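Heads up, the next two complexes both have chain A, just with different partners, chain B and then chain C.
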Partner chain A sequence: MKSGDRVKVSSKGRTYEGVLMPSTTDCIVIKLDNGYNIGIKNPEEIIVLEEKSEKITEKEEKFAITELTKPEIAILSTGGTIASKVDYRTGAVTSQFDAQDILTEIPELMELARFRAKLVYNILSENMKPEYWIKLARAVYEEIEKEAYGIIITHGTDTMTYSAAAISFMLRTPVPIVFVGSQRSSDRPSSDSAMNAICASKVAVSDIGEVCVVMHGTSSDDYCLVHRGCKVRKMHTSRRDAFKSINAHPIALVRYPSLDIQKISEYKKRGEEKLKIMDRLEDKCALVKYTPGAEPDIIDFYVDKGYRGIVIEGTGLGHVGEHWIPSIKRAVEEDVVMVITSQCLFGRVCDRVYDTGRDMLRAGVIEGEDMLPEVALVKLMWLLGNYSTEEAKKLVNVNIAGEISERSLHDYYTIK
Partner chain B sequence: MKSGDRVKVSSKGRTYEGVLMPSTTDCIVIKLDNGYNIGIKNPEEIIVLEEKSEKITEKEEKFAITELTKPEIAILSTGGTIASKVDYRTGAVTSQFDAQDILTEIPELMELARFRAKLVYNILSENMKPEYWIKLARAVYEEIEKEAYGIIITHGTDTMTYSAAAISFMLRTPVPIVFVGSQRSSDRPSSDSAMNAICASKVAVSDIGEVCVVMHGTSSDDYCLVHRGCKVRKMHTSRRDAFKSINAHPIALVRYPSLDIQKISEYKKRGEEKLKIMDRLEDKCALVKYTPGAEPDIIDFYVDKGYRGIVIEGTGLGHVGEHWIPSIKRAVEEDVVMVITSQCLFGRVCDRVYDTGRDMLRAGVIEGEDMLPEVALVKLMWLLGNYSTEEAKKLVNVNIAGEISERSLHDYYTIK
Partner chain C sequence: MEFIKDPEELDYNSLGLVAGLEIHQQLKTSHKLFCRCPLVLNPVEESSYELLRYLRAGKGELGETDVAALTEVKKAKKHIYKGYDTTCLVENDEEPPSVLNTEALELTLLIAKMLHSTPVDQVHTMRKTVVDGSNTTGFQRTALVAMDGWIESSMGRVGIETICLEEEACQKVEERGSEVVWSLDRLGIPLVEICTSPDLKTPEHVKEVALKIGMLLRSTRKVRRGIGTIRQDVNVSVRDGARVEIKGVQELGLIDRVVAYEAMRQHNLLVIRDILRKRNASVRDTIYDITDVFSSTRSKVLKKAGKPIVAIVLEKFGGLVGCEIQPNRRFGSELADYARSMGVGGIFHTDELPSYGITDEEVMRVRERVDAGEEDCVVFVCGPRAYQAIEAVRERAKHAIFGIPNETRRALPDGCTSYMRPLPGAARMYPETDVPPVDVDFEWFESLELPETLEERVENLTSYGISSEMAHQLVDSEMDDLFEEILEEVGGVRGEVSSTVIARTLTSTLSELRREGVDVARITHEHLRDVIKAVANGMMAKEGIPELLKKIAETRASVGELLSEVRKEEVDVEGLIRKVVEERKEFVLDRGEMALGPLMGVVMKELRGKVDGKVVSQILKKVIEGTIEYAGKKR
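Presenting the complex of A and B:
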């Protein structure tokens, strides 16, 4: 068996046919008939079909070798897969989930990087809980320690931005950590699965050193947007371009199919941060949305249950009815961290303009600046998990992971 | 004292100087030096300054008469005023709030209509409660009965869209009912107060027979948008163009300063509906926003307190974690109407696609279609106030006041 032989290789119940390529690692490298190279570790069987049936050019030989020196991306699955025929959200991932499955489904990925894959857990996105964020943060940490050049996290779209915010706070990262999902499963012709995965892989080997979300930028297959992990929100129940950066522009866009990356905003560069994990979360935190006439006993309810942090999604610049002030005051006295955000979503809260706002500030509410209510909740969980209550209070309105913009941008990003 | 005399008229502590015009009503009509006519009822004093100092042309004479045959708009103030120097939201309206104050501040209004004004109540917008919606609906009903050609409701912007939704459900109206506010108070150079009031007045005398919200369409002073009362949301804490139609396009736009109305969507015409009021509201209704890991006992809390309706703001297509299903099931068994909407805001909920959704439907949740969560809450209050629980359940996903679109539109309206 030598380079140039046509071979049939069996591995994990699959067989691959192609031309054996030179290899400098412990992988068997096969040039498949579709033109792609594939690296297979510890194959079960290799059958030589034809000896040196094809001539290998010097160029091909070189390519086969560099192929395996490509950067390696670790794909972590949380209950969806960019490669499965089965729907993302149902989480019906096959138990043999591995990089091979993904590469077989989306061979374009092989041009960008090598891949290793891990199923962190297998849950429906709407069943996401803080305890899963801790598991995920640890799994990502481990992969970066094991020198992954970039991380891709496949995630159901329902709660993806909550998870992206959580990882943004829990990890300082020297490499890109890219959340990706699909609004339409890959068995549908309109699926965004493959294109999102390809663009995410491109970002995972880029010079971006941040946690981000990569999803369709429009309903056409023309580009994906790279959103900052704690400035993005799912803004449509079903569209492929549902994910929008709020109060900030995306970091970049990835043209498809050229995969050119176009920078939109400033971002942290690969290697700028050292790997660090702060993985405790206080799950006794709640988000309460204010509506006209709502009774303040919902605040008392959480305080009495021993909650340590409450984010209020108020009206306008960050208000609630004045009948809420006594309950808020009591919560603060009981050492509950109270944060006010706005159900407008866009814009910054400011409680120094009007009487009710000033009453709230006097009662001890902390302004959530231009943070999304959901991000403020995740941040509060993280702050109260890793800092004292007093320290947490001081850090609420201090930018830690890009969650607070100095200047809020009010429009969705569009290509000029 | 005769037409053409220059006079000084005192009324309610103010004095007006100008030329006395012919009048066919019980009003004294004065042509002010700024060129506008003003009609004053029961003045306290009239002093002739100069006899027939100016010649009145035939055209001017005719204008003075038609001026007073113009349609009359009833302006109802809820604690802000389009004419006050004082800020909208603080509600610091002078007790002598009347049409005169508004016309003195915004004389352009006189070209559009005659005005009568009423202070319904004087509260901060964030202190709005269902009981105030009832008062407001009754005040509007009364004005329409007293043959107002159109209604303008001045309202603080924080909860304006909740109130607009409430009035949309509570009243069937043969005339336009126009909510208007201001994001910047009229003492600021960038105030949107006058332009919004002028465009609102134009809509109040138009052929639109619906409840709507008229606010700036862009951050320039080029046009106002006319949003359907139950399809609009405040989407920015401070910008003048904060109000956006969601899942639907606005009804129309009003160019400024030409005041040309340009139709955008189909709407109910003036006179199409007969005046009708259904003004009961069940305030034992709550909006609960789902976040990852949130405990379901928030549902039990409301059920135990005797709440009759709960709107859940779920994730994605309308989901919650599966650990919420038992509490939802129990709530339904206790005859609480449970409605699911989406925190995506844009798009339609659909719980027939995924397992969790199907579990929710089996538990008795009703899909809120493409209703905004806030509108679904107000609708539920109204349904449970005016119908039996069984009837209310059947009407949740039936379009009543334009709150459900047959086809959701996903983009903000922009002029092509």
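Presenting the complex of A and C:
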């Protein structure tokens, strides 16, 4: 007896007929002919009426329709909810489609470009690791070498901005590299995945030569925003417009369904950069959040473990309690690069204003300017992977991929 | 078989009429089914935000895409949702639903118990694909709670197949072209859906059982009341006919007529089918662009409808498209419904032409162009979506030779129905993985106490010494519990305030005030309780109740505040009584001491209950006596 079999279940003097479904509890679950699932506890008898037919549904090949004159985009799939469906084993939404399925689901994409698709890996966003960023960077590099006109990377939203930051540092790109995902899974009629993917494709054939994230700009299906890959953060657990540019303006917006692109801020143009990859990352880097009264043991622990870089998410302008200073000092003495950022997220750190800050600077902390803490972490991994410690220290507060805004503009801060 | 023009001529038994009911009733719970939002409906003007969305057809868990879902998506509509302070991200489809509301589930189980149904051991919430925009998610969350029950009727037991707990959909505010405006406040209100077996045999039987289930639901006292809070859908079929689900029968009084007219429609369509077969009729697949035939037409209707104009030929259908199948609805109306569902205004067909300013000559040119004979019927539609529309018409026409399509139809105010969409299949259900299943254990179900039926309730209330009519009113307005509570608080039937006064205050007094235009919604149960208590404590007279309630509605003040205000006013009771008596001196002299009764009413009204009736009566009696005495002396 297995899921999909047609069964007859007897329980408490009644019989139920339907298709056996996977269950995560002690009840057996069947799908009745009216479409409803019900759970039956301790059934007296289950008879298999018909075994599940192993029908192989043939995939429709529609790709030939697209005109050859259109530019070709490479879609790299990494998993995530832009390509997901219901998993019976766990009863939850998981990634299951490969990149080609996306085109079958969203035929409008074919009006914009030709597509080639590649499944780089299929993992849940929360299971992402730096080693996958390297794999992804190499896959993107390869596609650009093979003359992809633009790159789309489908990614789960939870850790999308970490990956976007990583790719921003690892690659100098002549073409758009667009990260896209969805906040409502693509198995729903109301999913944001189709619109996000369509807008992302528009950006992938545009003149924007940068790594960016394209997601809903509002809760409505009216436009998507194009965020710079290392200036964006997921700021809401569930809303469609969860992604916000922090300490920067978005690059542009894409109206839907007209797909008009409206420029918002300056960006690198297509072809401005030459393709280059620097794909080493130092794993031994950590992000530590300081909270009132927290002991500095964590810093000592990382230093003892041989970590080479630590980003601290401090309070306000970028502070930790005085009692952390000896540990920081020791870390710096042991050649660990210490970077301070702020848990305010908005604004720039400045450790010259208060005594504690000045003591931190004296202990050897480097100010992370207006970088997001997670971006600072990824940057540190990249710096320590590709440069000497001394060089890395010098580059921490130098803008490399748009991660640091030179000026803090009044309307960067827009939260109500 | 012959055409039937009057439903009176229908013999339901020989027609093989089979009908079933689907009753949807909103539940009165403290919050919505999958979030903590209150069950509050707002005027659209109070909307505080708005969302714009498009929906796409999803795939059912078995990999098939539902026909009904596909049809909606083909129409590609823009949906605008109006949100309020009383709605949250769950209604917006921007936050996963919370767990199933236990209060709503328990109430559904109680209803299941009343209908002799067996609950499932574990309730699974499903997503039922609905892409017409009425749900922001593109699906309605629904769970099967119980099965296999029954209800007694005059024609024997009627089976209750399923009892489901669902979320209510958005209310449609308006539709403007390809844009639909919805209100989010109704979305998520718990809804119980009761489906009977197809055991209903006549239109009257359908009505009887619908009424009976309605009464049963109300006896739980936990269902919402008022327009739109209960809706009946009815499934109707006749032998060889189709399964047709009729939605939105607003008035219960209309349900028997809807069933009768549907039986008639199916019968007449079968008559048409037989004629078509006898004629060896068929539908030609070719779609003809006949736009140029009307390039210089004078028909305003045609010009307004737009371009292109496309036609199909229904071979040997001539005369039948104009046949009446329901009062004022012809076979052509059926075809037109399909065309409209694809976004055109309607159809033109040669059975009804020349008309609409289309000339005989133009009709001839059309026939010529599409190579149609005298016995054929040519149907054409106009406008930007003409091709999609004519395809839908063509498929419907083909079905006429085969039989009657299974459909979801909309009830019209006159009892007829029009096509809405194809009947949805089971493919549109897949699990709502965001909501964990809920176990229904035996002890829980056993422990649920059945409420009194409404009849029993009325009977019991009359034992407090109120009339059965009053008891009915109390039950009908759901004031009966409050009545009992207040009565007990003021000392029961032998207490200071008579049960009739309490009952009247809760029923007729409130409805009279409502009729006067007083906003009685502002009068809370607490207010009513305090008013009666004030009467019981002698702080005011019972005659003053309406006036005080009116003040409460106006000022929202408490009873205590209003009474202390009244006491501050210096009332010269005796002076007022003297004035009243003086003004009616002739009446008093004429009636003598018998004038006391009528004048009592006048004085109490003037005093608006500020003074106790007993006191007034004493003074009035004294004054009347004095007046008579004085007059006697004068004489």
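Points to keep in mind about this one:
We adopt the following convention: the second predicted complex is superposed on the first by the 321 of 416 C-alpha atoms of A that agree within 3 Å, B and C clash if a C-alpha of one lies under 4 Å from a C-alpha of the other, contacts with A are read in each partner's own complex, and residues count from 1 in each chain.
Heads up, the rule we're going with is that a residue touches a chain if its C-beta (ideal position, glycine included) is under 8 Å from a C-beta of that chain, and two chains touch if they have at least 3 such contacts.
Note that the coordinates shown come from a computational prediction; the quantities given were computed from them, not determined experimentally.
In the superposition on chain A, A:Met195 makes contact with chain C only, not with chain B. By the touch criterion defined above, A:Glu273 reaches neither chain B nor chain C. With both structures placed on the common chain, the touch criterion links A:Arg184 to chain C but leaves chain B unconnected. In the overlay built on the shared chain, the residue A:Ser220 is in contact with chain C alone; chain B does not reach it. When the two complexes are overlaid on their common chain A, residue A:Asp5 makes contact with neither chain B nor chain C.
Shared-chain residue A:Glu142: touches no atom of chain B or chain C. Within the superposed three-chain model, A:Glu108 lies out of touch with both chain B and chain C [touch as defined at top]. Between chain B and chain C, B touches the greater number of residues of chain A. By the touch criterion stated above, A:Ser238 is placed in contact with chain B and with chain C alike.
For the contact definition in use here, the residues of chain A common to its chain B contact set and its chain C contact set are 87, 237-239.
Across the complex, chain B meets chain A through its residues 87, 89-90, 124-131, 157-159, 162-163, 234-239, 242, 283, 286-289, 291-294, 297-298, 301, 305, 313-323, 342-350, 354-356, 374, 377, 410.
By the touch criterion given at the top, residues 50-59, 61, 63, 69, 73, 89, 92-96, 118, 120-124, 126-129, 131, 136-139, 142-144, 148, 162, 164, 425-431, 433, 437, 439 of chain C touch chain A in their complex. Looking at the complex, you find that chain A touches chain C at residues 11-12, 14, 21, 25, 27, 29, 31-41, 57, 85-87, 91-93, 183-184, 187-191, 194-195, 219-222, 237-240, 257.
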